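In C-alpha cells below, several structures.
In the two assemblies presented below, subunit A is common to both, partnered first by subunit B and then by subunit C.
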Partner chain A sequence: MKVSCLQENLAKGLSIIGRAVSPRSTLPVLGNVLLATDAGRLKLSATNLEIGINCWIGAKVEDEGAITVPARTFIDLVNALPPERVDMELIVRTQTLNLRAGRSEANIKGIDAQEFPIVPVPEGEGGIPVEPDVLRTAISQVTFAAATDESRPILTGVLAKFEDAQLTLAAADGFRLSVRTVSLPQSVSDPFNIIIPARALVELGRISGEQKEPIVIIITPTRNQVLFQLTDVVLVSQLIDGNFPDYRQIIPRDYTTHTVVDTAAFLKACKTALIFARDAAHITRLHIKPGTELAPGSMLVSATSAETGDDVSELDASIEGDEIEIAFNVKYLIDVLSVVGTPQVALDTTTPSSPGVIRPVGDLNFTHVIMPMHLGR
Partner chain B sequence: MSIRVLPEEVASQIAAGEVVERPSSVVKELVENAIDAGAHDVRVETRAGGKRSIRVTDDGCGVPAAEVELAFHRHSTSKLTTADDLARITTLGFRGEALASIAAVSRVTFVTRAVDEPVGTLLRLEGGRVITRQESGRPPGTAVTVEDLFFNVPARRKFLRSERTERRHIDGWLTRYALAYPALRFTLAHDGRVVFQSPGNDRLRDVLIAVYGLEVGAAVLEIVPDDQQPVSGIRVTGFVSPPSLHRANRGYITLFVNGRWVQDVRLTYAVIQAYHTLLPSGRYPLAVVMVRLPPEEVDVNVHPAKAEVRFRDSDAVFRAVQKAVRRTLLERSPVPIAARPLAAWPAPSAQWRERRERLTGLKPRPAGEQLRLRGERPDVEAPGRVFTPPAGKLPPLRVVGQLGATYIVAEGPEGMYLIDQHAAHERVLFERLLAEREQAEVASQALLEPVPVELTPEAASLLEEHLDVLGSLGFRVEPFGGMTMLVRALPAIVAETDPARVLEDVAAALSAGNVPLADTVEEAVARQVCKRAAVKAGQILAQEEMEKLVRALEQCASPRTCPHGRPTMIHLSVEQLAREFGR
Partner chain C sequence: METNGNWGIVGHEWAVALLRRAVARGTISHAYLLTGPPGVGKTTLARALAAALLCQGEGEPPCGACRACRLVAGGNHPDLHVVASERVGASLKIDQVRELQRQLALTPNEGRWRVAILRRFEEATTSAANALLKTLEEPPPYVVLAVLASDADRLLPTIVSRCQQVPLRPLPVAVVQQALIERWHAEPEQAELLAHLSGGRLGWAVRTLNDRTALRRRAQRLADLDHLLNISIIERFRYAERLARDPVATQETLDLWIGWWRDVMLVAAETDAPLTNVDRESALRDYAHRFGVERSAAVVEALRSAAERLKRNANPRLTLEVLMLDLPRP
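So, the complex of A and B:
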C-alpha cells in the first residue's frame, strides 16, 4: 500500500472514527484503526463490535493495500504533524506503516488487516432518509433518558418506531421517559420497531454535526444491524433484541395542575438547587402556587442538605389548576430542561406521588415523564 | 425382591455409621462421656492416627460393676430418663448410642471402677459381642481402648484418609473441648508423643496460648461482659482477636453453645459482622465464643454428630453475639503496636511520665481538678492516681509534628503514636457524616413502572411482615400474590440498583437481624469521604490542623481504623523505645 493525503483530512477522519475504537479489549486488533485503499480513496475504520464507523477521505493511491495500526499512537502522531501532505507506505514484510510528512518520518508497527472485523457498508439502494438537524435534536432529547446500567439491557437502548411518515424515538431508565416524534420525508411501507443502543445514537449525533444531506437509515436484511449513511461516513450498530415496554401507557392522560414557566429561569433555579441537593439524594422540591386576581402564580424551587444548608428560588409561572408541592431528582430536571429547546416549558402534575409531564410549549412532538421523589422519616 | 427385617448386626452397623464416621468421632464421643462423668483429667492416646488404636482415660465417676454391660446396649444412658429431659439437656451426650455404636464396629476394652466400689471391671467386646469379663484393678474412672476401628466394615475402612488427616481431625476435636472446658486438663498423645496439653487451671487464655501459641494467646481480647443482666438469659463469653490480628479464612472462629462445639453459619457471620470496617477485606477474625443460654432455649437433638443446634430465638442469639464482640472491640482493642507485637500493652513507668510532664509541661488533668489553688505546685501529682485512657477512646495526644507530609507524630501518656493523616481524617468524617445521615429524612424515588419482583417464600413472608419497616426506609412495596412483590418506589440511595437485588438484600438483612441498607449507607458515606473530603497523604498540615484532627479522632467511637479497615495509627510504647535504644 502506498497512499498520500492531506494531514487535515486524515486528522478529521480519525476524529470521526476514533470513538468507536475499543481502548481496552482482549482482542488487540480492536484497539487499532484500519487503513485501506478503496476506489481511489482511503477508507478508515474502527469498531468495538457493538458499533463500527467507516470514513472515506480523499487520497492519491499509488499502490492498493490495507493495514491496521494502534489507534492511540496513530491519532496522536497525525495530530502532531504539520498541515501538509502525508505520505504513507506499508512495508509488507514487517507489517510496518512508514509515514512521512514535511521533514518528519515515523514507522508504526501494525497488525495484518485480515484480522480486522468486517465493518459492513450499505449495499444497493433503499433506506429511509431523515433530515440531519431534526434527527440530531431528537437524539439529544431522548438518549439521556436511557439506562446506563446493564441490569435491564433493553433500557440501555432507544426504541425507534417507524410508522407511516413518522419516526418515534423513546427511551426510559425506570424513573423517566423521553418520547420524541420526527416526521419522515416519505412514508415507510410496513411499520416496524427496532431498539438501537443509546451509545450508538449519541455517537451518530456527534459525527453528524456538519452533515447537510439527509441521513439514510438502513436496516440489514437479517434485522440485527442498523446502518446510518452520511456523506463519506457510515456508522453501523448492533441492535438490541427484545420487547421495549409500552411507553404510551406510562404517559398520564390528564392532569390537575398545568404550569408554564420560562425554561432558562427554571433551569437556572435547578442548577442552584443542585448545589445543596447533591448531598441529599438530589431531591428538589417544587411548590407551585396558582396566582390570584392580585398576584401572578409562582413556582418555588428549593433544596435542603443536612450538611450544607438550603436554598429557594422563586419563578413567575402561569398556572391553571390546584396548588401542589412535588419533589423531583434535580439531575433529571436539569437533563430535560437543557434539551427542551423552546423558551417556555409546561409541567403537568396531578399528585405528589404521580408522574410529572414536561413538554415544550408550542412543540407537540416531545414529551418527557419524570417520577417524583418522596421525603419521609 | 422380598422385604426382610435386617439382622440386628447389620442394623447396628448402619446405626453406628451415623455416629462413628472416623477415628475422630470415637475420640469425640469418648471425651464427651469423660466430661459428662465429671472427669478432671482426660487423656487421649492414639496409634496410627487412631486407625490402630485409641485410648481415652479419665478420672471421672466410673461405671458400677452391675451396669457395665448395660452401658453397651443401644439407647441406654444415665443422662436422661424421660422424654421431658430432652427439652433440658445439660450433658453433652444423651442418646445412649455412642458406646454401642463404637462397640459395633471395633474391638473395645473397657476398664472402669466406680468411685464407691473397691474393685473395677474389665470388659472386652468384639463387633458388639462380649468376649471377656473379669474383675480388674485400677484407680476410679474409666479407660476405654478402641482397636481396629471398622475391622468388620471394610467399606468404611476403605474411606479413611491418611494418618495425618485423621490425626488432624482428632487434634481439632480435642482442642475444641480444651477450649470449652478450661477447668479440665486434656492431654493428647500420638504414637507415644504428647502433642498437646491444656493446663486445666480454669483460665481460657492459658488454653488459647496452648492452642494458638503465646503471641496470639496474649493478643486476644476477652469479651466484655454485658453490664445489664440480659432478659433473654443469653450470656456471651470468650476471646476475640483485636483488629490487628486476622486470618485468611473463617476456620479460626470457634463457637460453643452450652459447652458444645457447633457449626453455625449465622453465628459465625455475627462474629464477622462485628468486625465490619475494622478488618481489611477478605480477612477474618480469630475468635473463641461461648454462648450460654437456658437449655430449653436450644435444641441440640438435630444432628447425628450434634454439630448443629437450633435456637428458639435465633435472632436474639445472633444479636447477643454480635453486640458482645462489637462492644469488646470498641472498648478493648488496642492501637496496633509497631514492629514485633509485644505480649501486652504495659502501663508506662512512673519515671517516664514524670520526665515527660516535666519536659513538656503537659499533664493529664482530670475534670475535677480545675479548681486547683494557684499556690499549689502543679507538677506534683496526687499520690496513687494513675491515668487511664477512657474505654474505647484514645488517650489525649500531643502533636509533635508531621512526618513526610503523610503521618502525624504524636505523644501520649504511653509513648509515641504515628497517625496516618488520611486514614484518620477518613474515620473522623465517616463518623460525622454517618451521624448526619441518621438525622436526615429518607428520600424515596418512585418508579416509572411498578416492577414485579419474585422472591423466595421466606423472603416474601419476611418482607410482608415488615412492610412498615420498608416504608420507613423509602420503599413502596405491595404484595402481588404468591411470592411476588410489586415495587413502586425505592430509597433514593439504591434507586440505580436492580430492585430485585435490593429486596433480596433487605430480606437477608432482616433475617440476620440487621438494619436493612445500613451497609449501603455506610458504603456510600465511605465513598463520599474518600472521594472528596479527606486530606491526602503528601499534604502539608499546619500545627492547628493536626491538633484539630487528633482532637476529632479522640472523639470517634472507633478511632483505630479507617472505614476500610486499615489502621489509623501505630503505637510505639515507652518500653519499646527504651529497649530499641538499649537503655
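So, the complex of A and C:
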C-alpha cells in the first residue's frame, strides 16, 4: 500500500471513527484502525463489535493495500503532524506502516488487515432516506430514556419501527418511556421492527452534525446489522435480538389534569430544585393548582433535603381539571424538558401514583412518560 | 488446523462424532458442558466446534482455510467469545459474565452464530454462575455456549442440568506419545516420558514439551521429596511455608508426588501396571524397598486428601503442614 493524503483530512476522518475503537477488548485487533485503499480513496474503519464506522477520505493511491495500526498511537501521531501532505507506505514483510510528513518520519507496527472484522458497506441501491436534522432531533429525544444497566440488554436498545411512511423510535428503562415518530419521504414495502443499541444512535447523532444530504438507513440481508449511510461515512450497528416490550400499553389514554407551562421556566425551576433534590433521591414535588375566576393557575415546583434545606418555584400555568400534587425524579424532568423543542410543554396527570405524560405543545410526534415517585409523607 | 476426519483433534473420537453429527444435522444444542482434567483437550474441542459453526468454506466444516476458520485459529473471530478467570486459581467474576451477556445480546457480526467458550468454569463465583443461568435458560437463537470445567460435580447443579454433557477422558499413553512425535516433532524418548507423565492429557504434554524449565522443575521437586524424607519436622514445616505461597507450584508438586508414590506402590506390589515415571525405575525400586506397599499407599492417600482439601479452599499452609506430618519419617 502506498498512499498520500492531507493531514487535516486524515485527522478529521480519525476523529469520526475514533469513538468506535475498543482499546480494552479481548481481541487485540479491535484496538486498531483499518486503513485500506478503496476505489481511489483511503478508507478508515474501526469497530468495537457493537458499532463500526467506515470513513472515506480523498487520497492519492499509488499502490493498493490494507493494514491495521494501533488507534491510540496512530491518532496521536497524526494529530502531532504538521498540516500538510502525509505519505504512507506499508512495508509488507514486517507489516509496518511508514509515515512521512514534512520533515518527520515515523514507523508504526501493525496487524494484518485480514485479522480485522468485516465492517460492512452498503451494496447496491435501496435503503430508506431520512432528513438528517429530523433524525438527529428524534435521536436526542429518545436515546436518553434507554437503560444503561445491562441486566436487561433489550432495554439498552431503541426500538425502530418502520411502517408505511413512518419511523417510530421508542426507548424505555422501566421508569420512563420516550416515543418519537418521524415521517419518511416514501413508504416501506414491508413493515418491520429492529432494536438498535442506544449507544449506536448517540454516536450517529454525534457524527452526523455536518450532514446535509439525507441519511440512508439500510438493513443487511441477514438482518443482523443496520447501516446508516452519510456522505463519505457509514455507521454500522449490530442489532439486539429479542422482543421489545409493548410500549403502547404504558402510555396512559386519558388524564384528569392537563397542565400547560412555559418550557424554559419549567426547566429552570427543575434545575433549581435539583440543588436540594440531589440529596433526597431526586424527589421533586409538583403542586398543580387550577386557576379561579380571579387568579390564573399555577404550578409549584419544590424540593426538600433534610440536610441542606428546601426551595419552591412558582410558575404560571394554564390548567384544565383537578388540583393535584405529584412527585417526579427531577433528573428525568430535566432530561425531557431539555429536548422537547417547543416553547410550551403539556403535562398530563391522573393520580399521584400513576404515570405522567409530557408532550410538546403543537408537536404530535413526541410523547414522554415518567413514573411518579412516592410523595413521601 | 488440519482437516482430517476428526476435526484435526487427537483422540476424543466419540465426542467429535457427536458434535459433528449435531452440526451436520443442524441439531446443535444451545449449551455444551465439556468436562475433563486440565490439558485434556476441552478448549481445543470447543474451538473446533466454534470453527465448524462459523466456517464459511465449502464442504464439511471446518474447512480450515476460509477466513472464519483462520480467525478462529488465530483467536480473532468477532463472533467467538472466550471467557476465563484472569489466571489459573483466580475466580471468574460476575462482571465478566455480564459483559459476555451484553455481547451475546447483539446479533452475530460475520457468521450465523455467536459462540462463547467459558473456560475453567469451576472457578466462577456463585453469583457469576447464577448470572449465567439466565443465558442458559433463554439464549438468543444464534448463541451456542461451551462451558468447560474439570468436573461437573464442581459446578452448580442448575448449570449442569441446563447443558448437554460431553465428558472427555484422558487419552491412552500410546496415542499421546504418537501425537507428540508426529505433530509436535518431539524426540521419541522425550515423547515416551512426557506421554507417561501427562496421564493422558495431551495439552499438558505439549505445554511441557514447549516449556524447557518444566522437566527441570520436576527433577527439583523429586529431589525435594527425597530431601524431605531425611530432615526434621521443623525443617519440613519451613519447606511447607515456602511452597504454600505459590498455589500453582503447590498443585503441580502435589500432582507430581501423587504420581510418584503411586509408582512406588505399584513397584512394591510387583504388579505389571504401567508406571508414570518411566525414566526413574531404579529410584522407584529403592523407594519401594524402603517403604513397602502399605506405607506408600498411605502416602498416596495423604497427598490425595491434601490436594482435595486445597481444591475446597483449605488454608494452603496448614494443609501442607499436615501433609508434612504424614510423610514417612527418617
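Annotations
The criterion applied here is as follows: the second predicted complex is superposed on the first by the 374 of 377 C-alpha atoms of A that agree within 3 Å, B and C clash if a C-alpha of one lies under 4 Å from a C-alpha of the other, contacts with A are read in each partner's own complex, and residues count from 1 in each chain.
Following the convention adopted for this analysis, a residue touches a chain if its C-beta (ideal position, glycine included) is under 8 Å from a C-beta of that chain, and two chains touch if they have at least 3 such contacts.
Everything numeric here is computed off the predicted structure, so don't read it as measured data.
Using the contact criterion defined above for the overlaid structures, shared-chain residue A:Ile108 touches neither subunit B nor subunit C, since it reaches no partner. Within the superposed three-chain model, A:Leu77 lies out of touch with both subunit B and subunit C [touch as defined at top]. Legend: residue contacts after superposition of the two complexes on their common chain; A:Val29 is shown touching subunit C, with no touch to subunit B. Within the superposed three-chain model, A:Pro153 lies in touch with subunit C and out of touch with subunit B [touch as defined at top]. Of the two partner chains, subunit C is the only one touched by A:Asp241; subunit B is not. Judged by the touch definition given at the top, the superposed model places A:Pro117 against subunit C, while subunit B stays out of reach.
In the superposition on chain A, contact of A:Val216 is made with neither subunit B nor subunit C.
Contacts of A:Pro197 after superposition: subunit C is touched, whereas subunit B is not reached.
Shared interface residues of subunit A (contacting subunit B in one complex, subunit C in the other): 151. Considering their complex, residues 433, 436-437, 439-449, 451, 471-472, 474, 489, 492-493, 495-498, 501 of subunit B touch subunit A. Residues of subunit C touching subunit A in their complex: 67, 70-71, 74-76, 78, 81-82, 98, 101-103, 105-110, 112, 140-142. Listed in rising order, the residues of subunit A touching subunit C in the complex are 26-29, 47, 49-50, 114-115, 117-118, 150-151, 153-154, 156, 197, 222-225, 238-242. Per the touch definition, subunit A reaches subunit B in the complex via residues 149, 151-152, 172-177, 245, 250, 280-283, 306-307, 329, 353, 355, 369, 371-377.
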